[in-house]
């Protein structure tokens, strides 16, 4: 049994990691940290875990040495800036690390610093592997430090990857109109995330190239296209708990038909069971992937305007964060990528 | 007191008309029709109206002669195809008509027939005025047949109008990513509109230029631009009851700054109290216009990609349908456009 | 124009007061306080108010002398304990006061202290009138200090009042199973009120006689019955923003039929337009009173068990707090009780 | 591998059975019927199942002979009245039957006929076992016809069972105030179940002893108590998809303390892993059991009124219907009761 630690258990990604590990056959939660709740049992803060594996873990302070002694792999579910410090310490202590923050996602430290803050552990960037299993499975199997992708990037990159890799769309003029459930806003106590501020309403935020997931999306799309790609990424907040749906607008670069592109996408992803290219005429919806690792993708040609419109849906919390982190832990632990992750969607 | 009739009371636009007229100081609901509920009192199907003006109207069969005898103005809240027939009869009987369907919105009958079905009352198209008060107030004051705009077109046209009228954006490449509350799907008993099929999920539909509001949007935007405008219009269904938010992507046609465009929009709409151009840095959200006639608009320049992104929000049911219909009835009845319509938003 | 002040504008009751006063024809918001947001315009914290009356009020620190100089009536939307202090100061400064906290609701200071905390302004309890307009309109017209009722007590007392006043039910064994929307939990930034902690779930709290509204309910029911009444009051949290529905279980004290009690309730409330006794066979629901002053009440005899079950619904924020506060301000200002309060429900 | 058939796949219980069986290690869906969708693949009506086991089952007409040839066990997810007919045919054809309707739940045919309709297969009542595994595991292991309990009865009976079996509460005066998610209203296309009729509202229905689950609850509670028990059962509709929470009011029959009853409940249920008696001071909430077989129970003594108040929560669709049906199929197939059913809750 692989022993897992979890730094930062009180946020939604921490909660989701605890949930997923409670039914994992090979990885067991053995340590979880929380400054504010140290000393409490895990099921006292998450009563839904009562009676499940891991429920009796007693929360501790986040100390690298302590975690290194008790864990084979550690998940970092703490804010960027914090993660790079403890991540480097744990790495040096010989523990495998899956970082759910942005700290090791951007290969170019300058880009990180332009969008985030000064990076104090740049020397670890080269050690980190970007944790999108469909794209980097081989590298991830040998990794000791994995930068778990952001939620929006996961949906956006998986949606566009086949098109850019095959050069069928223009690399400029891409617009990503993304909508996320409210777990994406985190579990911090802030007025803007209160039920009565989110329910029965809908709002954009960070419109116009302001969201920090932009450079991460561009990094991976540029790698796919083999040329720099700039996108206009625009997020919105949905009154749902889980789910991202990205509607992605591109200009077709070649005179391909709906069925050409349908065939191309189906063929491209045919060996990846978590990517479900929907049958022609179907569109994704967030509930169809709720609580799962699936990324549902549909391709639609808008013949009136010469566009390929890609819609893709994931569960932002499972596929877009904690489930993907467990997939990465599986890979770095020598387990099958889908070990403990083959749950179906909870619908309705 | 102006006597109003309502053809088709059991849908959400009919329900909303009944709600609004219950507090209107000059227009009183005197007749309402429903084939399925004829003979019942209005408050027996809408118990929320109990004790309010109009609650005691007894529903009748939709007969033009009967309505003409009892009404000065009639609202048509029935499906397209049905509306053109009874609308023409009522018009001929001397009654003022506000049609909430699509039947008289498209000035070109060929366009109507390409997107909808054969038009059997083409001779009335020239008599109809498109009922967007900010654009056509003068014509509406003298109109006897008003084509009440669609909900998506209202949000889209108002959002783009100032930019196109002033020629600051390209007329091609416009993408409208629109999200609507579920009242927009109507009050028909269909599985896809059930609570458990809509709650806690989010889905696109009609992606890729399939939605029938496309030609209506293009008609009015082309008129604003003075040249044909083609848009890629893409709707989505929100798990909220009321509200549309449109995120509109355009290419800037001139090197204008954020503050230039902010100033242009504020100036353009300064005499229209229902258009709220938000202060720089603010973005609209659907709840801020809930139950009102407001259209909240924000303009954002994405300097990385040379785009002007407009976000606009309305209440699809009030501003996007029944409230706008009452504004139009006000105008054709010689009342101030905002008579009985100056309610503030219900938040939260 | 009557000048109103609002102490504590950042909570939901403060927000709702600002919303209601924005359309009030005789009372205008002239001062609003917030320690955290002093110096800001009201519409900068509540963008939905943009362009509406009162939107330009600049928030200030809560100073009694300042408020007394600028206001004829002041609403206290601050926590209990805080309210009694500033309430007494304002009263002494000659301002009319409507207190939305619990500080002046319980006539017996010992009861207050048993359920809340030490009362430091006991001498004002005798000056305060309990602000349920249907019960105390005459006293409220002459009042200078009004204790605005709690939300649960409003729904519970109005539901049971006619039965207890007429002696048709037992005074013991009453169970009130109450369900409230989440605005009732306040607008404080706490994890338990986050969207993702409230949406798509349902939970009881304070089960078993722990909720502080219990003595307030018992005070008024005892007055109605003319004998001490003890109730088992049990609240639950609903995933809706507004609305309380109370299901009240009583033992019939006399062999009355459904139609007897229906007639008794209709007759008892026939002069109170905000009390809607529903026709036999109908049951209340929260949306039917959303955003209004209505209290919808249904009476049902359970013949199998000899019970009278009363269901009553209000909007906890409007009727159960801020709207009722405005009704009380109307009364103490010599205005009709319903001035500025006759809005219909927003459905759906 | 055990072959399972599903009669009536288009309702929510049918959908949930398909979902659960998609991850069951020993039972595979081999046949599913739907009159309206015969000929379609299962994943064409339930796209969330795409790629999962059972997704390729082609829906057929409901024919007993056909099902008997292809199945070892058949689940009936059709309305009462319909179920008794095909259930009897399948039973006679040698197939094991789990009936999710009410047709075989009431041992006394007269009671059935008083609450439902004439029973045309009374001779099968004695063959049926009531499928509450915690109460009847031994009988269920040998059963060939299982009457799967109703959702409200499951929550109510499990909540009260330990108290009645131990004689610590009065058998009269019990009130069950129950709240159910909207999947409980079924998947039929009716206006009252539309999103915009259910969201952001809350309503009672069937108040006063009218709901058909009443006799089922009384049957099992009377068996537990050893004497007839009459309850006042009152349901409400929650704006959530899944979950029932029952708040149950009883009179203590003995001077027991909170800790006495806590100990009694914990001891009573200590060998039943799906019953989670919550630690003292905790209360259940529906999300904590979402998608699971758990029944979370809390006991609270209201010392002011001498009551024991029990709160219990289940997932109405999983534990209250389809999951329990699979547990019963497990038992009658010789599998462990929890085979394929040990999923944790999806929170949030």
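Labels A, B, C and D are assigned to the chains in the order they are written; within every chain, residues are numbered from 1.
Rule of thumb we're sticking to: a contact is a pair of C-beta atoms (placed from the backbone, for glycine too) under 8 Å apart; a residue touches a chain by one contact, two chains touch by 3 or more.
Since we're looking at a predicted model, the values are computed, not measured.
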Inset, instruction - Give the pair among A-D, C-D or B-D whose set of contact pairs overlaps with that of A-B by over half, matching residues by number. - result: C-D
Inset, instruction - For the pairs A-C and B-C, output the one whose chains share more C-beta pairs in contact. - result: B-C
Inset, instruction - Calculate how many whole Å lie between the centre of chain A and the centre of chain C, each centre taken as the average of the chain's C-alpha atoms. - result: 45
Inset, instruction - Quick one: report the Å distance separating chain C from chain D, using the average Cα coordinate of each chain. - result: 39
Inset, instruction - Give, as an integer number of Å, the spacing between the C-alpha centres of chain C and chain B. - result: 36
Legend entry - Interface hub residues of chain D, defined as touching at least two other chains: 12, 183, 196-197, 199-200, 239-242, 287, 290, 348
Inset, instruction - Can you check the complex and tell me which residues of chain B touch chain A? - result: 173, 175, 177, 179, 196-197, 199-205, 207-209, 230-232, 234, 236, 238-243, 245, 247, 249, 283-287, 290, 298, 300-305, 307, 309, 311, 348
Inset, instruction - Would you mind writing out the residues of chain B in touch with chain D in their complex? - result: 12, 182-183, 187, 189-191, 193-200, 239-241
Legend entry - Residues on chain A engaged by chain D in the complex (per definition of touch): 12, 15, 19, 22-23, 46-52, 183, 199-200, 241-242, 273, 276, 278, 282, 287-291, 296, 342-348
